[in-house]
Amino acid sequence: MVEAASFRGDFPILQRRIHGQPLAYLDSAATTQKPRAVIEALTVFYEQHNANVHRGVYTLSEEASALYESARAKVARHLGADSPRSIVFTRGTTEALNLVAAGWAGSRLRPGDEIVATEVEHHSNLIPWQMAARHTGASLRLARLGADQTLDVGHLLSLIGPRTRLVAVSLTSNVLGTVTPLGEIVARAHAVGARVVVDAAQAAAHLRFDVRALDCDFLAVSGHKLYGPTGIGALYGKPDCLEEVEPVQGGGGMIEWVEAQTARWGPLPARLEAGTPSVADAHALGAALDYLRPRMEEALRHEQRLTAYALERLLAVPGLTLFGPKKPVLRAGVFAFNLPGVHPHDAAELLDGQGVALRAGHHCCQPLMRRLGVTATLRASLAIYSSTEDVDRLVAGLSTVRAALAS
Amino acid sequence: MSQDLYRATVLEHSRHPQNTGRVAHPTHQARAANPLCGDELEVTLRLTGQHVEQVRVAVRGCVISQASASLMSVIVQGHRADEARRWAGQWRSALEGEADLPPDLESLRPLLELRNHRSRTGCALLAWVALERALGQT
Amino acid sequence: MVEAASFRGDFPILQRRIHGQPLAYLDSAATTQKPRAVIEALTVFYEQHNANVHRGVYTLSEEASALYESARAKVARHLGADSPRSIVFTRGTTEALNLVAAGWAGSRLRPGDEIVATEVEHHSNLIPWQMAARHTGASLRLARLGADQTLDVGHLLSLIGPRTRLVAVSLTSNVLGTVTPLGEIVARAHAVGARVVVDAAQAAAHLRFDVRALDCDFLAVSGHKLYGPTGIGALYGKPDCLEEVEPVQGGGGMIEWVEAQTARWGPLPARLEAGTPSVADAHALGAALDYLRPRMEEALRHEQRLTAYALERLLAVPGLTLFGPKKPVLRAGVFAFNLPGVHPHDAAELLDGQGVALRAGHHCCQPLMRRLGVTATLRASLAIYSSTEDVDRLVAGLSTVRAALAS
Amino acid sequence: MSQDLYRATVLEHSRHPQNTGRVAHPTHQARAANPLCGDELEVTLRLTGQHVEQVRVAVRGCVISQASASLMSVIVQGHRADEARRWAGQWRSALEGEADLPPDLESLRPLLELRNHRSRTGCALLAWVALERALGQT
């Protein structure tokens, strides 16, 4: 038995009942639930400190600016960045990756240059590179899925060559639950002078990592998958890499000097944050990290045990097809699977009737779905507050689904 | 509501769908897909004048889209093309808005539960979208 | 006497004390304070309905999606748009204007084409057009400030000609407090086949307008200036105009079909909202509009009276230089001014010591500042909760500032 | 705190600033600007060997930047260039971080209130930034 009781009480939504049943929330890979401390941080901000940032002189604006910058420092610390100046706030992973695609690749790549990504990527770590390639004339090469349903790292390494300028890869897959071994990839990329951008959307809350140790050039995360609010995320960049990113939005807060026809950009990271930022959401993301960091070790241990438990239980469901690796050591708590003869949307619908919330669909990974030979799957995913009971209820629910629907 | 939905006639129609497959020599045909789940469906028709002589639907999809396709075929077969078009519009209005079901579409009522269930309304519309497209052909 | 008592109680932050004094918040043009209903909407969302949108099948995701789309409908109603599909959610006005600049102008303008904007604009409605012009080879022409310190509309009209493709203008200036008469501008622009984009950041909460009546093609607003949270705003576009906007970000939620090298975009407005949106902030913006709309008439009446009162009191301060028009009928409740021999930052600092919060600086309008012959000004701005007492305390504070600092 | 700040020696120095204007034949000079408010300032120096013989500051700015410029000129004049550079760094560390003031900079203490007041630290640093730039010239 693995218990999460100490965390569960911190998440008010887990008291919700769905169709008369307690909520078993198994869609944390889509978005995590929020601890009370995060929700309260929003309230405190708006009731006590709300003002625009950008250095208003008066007390409230000083406070709002200080909270905003302190959140930046917390994100830097969580990712292991040397300096808060390496952190650009964005709406989420998608905006962060697009910022690199438009602001870095868009202005630096030339025909003949190559971007290397993978078939396993979320659309947010694929379409921006398609767009950058189309825009610049560079070409996009995708590493394939191996026969073992994990990324074929050997193939990825073989794609990195003298023309490679950028390698884009996720740290944790949102479908396979795999964790990409980045060490050799980064080394190879750097050896040919390419930059590496890491999609850490799924990793940020569930894996211990450090941008210094990874030695990646850019890394993207979403606050809402990190127990923080929607509307905030971050791009980490090494200082010299961020310096190479051209602003893609112009406006207030990012300039030093403006003439009628031209403007001189201000310093980083503000240069890449045009307009009023998501001040309150940034502050609440800081509160999420304050919540998570002292609990991180215990949380990861809990998630690992629960991952092993869920894997065992799911693999025991008759006929169930699990995608991705079957060994717990290799995987995060994300499980994509199907039941024979049952459409995933029907299954998700019937499970919802029992209070079990999980996702059905392509999970923004259409190319990967095609490789797996399906159009959609069910997906259950775990977080700090997930419990064995959630898993048990999923497994029990799957039996009733089969009974009701399987042909 | 989910359980009810799946227990109703819906499940019957998805288990024993009517008018599946393809019409031998269709005069009209069209496909529709649901990008959310990748479900696909093809409607083939044989019209004689303005009369829908025969309807067949080939579905790869969820219970809802299967049942909706089967019900659609039963409703439409043997009726005039302009009626079929009108019913498609009425069904859309009922599902996406507040409009009530006309008596001719009474058999679809169990699917009307999807009204507050935006993620699945596409499944219940899929066959009708394909039907509209097929009838739109000149 | 003008009283705002009925509204003030709805805004918890107005209970704050600053240096032992009650808060007189006079920086609503930078960001408005939030009514309790908005703060509670955030809490309710995260405690009851939090899930990712993009059509998860389960109850929570259905609820979150419904709340998000219902907020879109409320924004559409507030702006007078025919359909929620005309509303694209963005982080704020800046992102909305940049979306038009990069997604519309960036892909449609050619060398020789002209963009017309004005010297009065906020940097967020100027730099995006500088960038689009540089990017496409189009040229940017700026209408000048008239001798009466309002936009020279005659000059603006004279700049609109056969080469004009886009006219970008603000509805309410965040420095002068002027309201731009858009009727003739829009008519002239349309007569030459140009699109009109309106920066309504300052107007959205303080002016009654309607995109149908304005007949503009695009219009941008910020939620945080509309009693809503930070992190959310909107771009309105006429359906055929939005159709012309190329996505500038790729990712989850905006596609219909994805291959390895290409993707087919999905329908509007999702096509222009890549990635997980600011779901909770959108919902809370909806709550802000629910709060504002039944009170709108009373609020505007209150703000108009208070504007007249503030104008009279400020003009009576010895030596004070007020920028922009001096007649209340012509202006919104935004007052930029200076005291002779007093640096605006020093004044703002001393006023803060008395609990009076107002902004000092260039207000993201450096070109306008140069036209006005200053580098910075003080700025006081009003909202629904502002009171005569706030104005009185400002005026009293200005005397002590003068006594302390004026040379 | 604002009131205190403005009541202190600060105001005195801004009212009666020391060493204003320009050195007649400067050996070193530099400008600095605060983009936030447009304030500008020029430091001119005459060095004899490593010795800061004369400092003058021409300021157009707020009380804080004026007072800070005046205090800087008094502190630095007559001292060695490397000391002046060190003081500039120490003042920055004190203002932007937690470092304590060294005894030589004691006269700047009233301005240390700006530590928690990020919007104004630039004003208190402006003269020192220009000084560093001027001394950076070879």
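By written order: A, B, C and D. Residues from 1 in each chain.
Quick note on the criterion: a contact is a pair of C-beta atoms (placed from the backbone, for glycine too) under 8 Å apart; a residue touches a chain by one contact, two chains touch by 3 or more.
Not measured: the values here are computed from a predicted model.
Common neighbours of chain A and chain B, by the contact definition above: C.
With centres defined by CA atoms alone, the chain at the far end from chain B is D.
Simply put, of C-D and A-D, more C-beta pairs touch at C-D.
Rounded to a whole number, the gap between the C-alpha centres of chain C and chain D is 38 angstrom. In terms of their C-alpha centroids, the spacing between chain B and chain D amounts to 79 Å. Separating the CA-averaged centres of chain A and chain D is a span of 46 Å. Per-chain CA centroids place chain A at a distance of 31 Å from chain C.
Residue positions of chain D touching 2 or more other chains: 36, 119-120. For chain A, the set of residues that touch two or more other chains comprises 19, 55-57, 61, 255, 257, 345, 349, 352, 360-361. Listed in rising order, the residues of chain A touching chain D in the complex are 55-57, 61-62, 65-66, 69, 255-257, 266. Of all residues in chain B, those touching chain A in their complex are 1-3, 5-6, 11, 15, 36-39, 61-64, 119-120, 123. Against chain C, in their complex, chain A makes its touches with residues 12-13, 16, 18-19, 23, 25, 27, 30-31, 33-34, 38-39, 42-43, 46-52, 55-61, 91-95, 97-98, 101-102, 119, 122-124, 126-128, 130-131, 133, 140, 142, 222, 224, 229-232, 247-253, 255, 257-263, 274-281, 345, 348-349, 351-352, 356-361, 364, 366-367.
Contacts from chain C toward chain D in the complex involve residues 19, 343-346, 349-350, 352-353, 360-362, 369, 375-376, 404-405, 407.
Within the complex formed with chain A, the residues of chain D that make contact are 35-36, 116-120.
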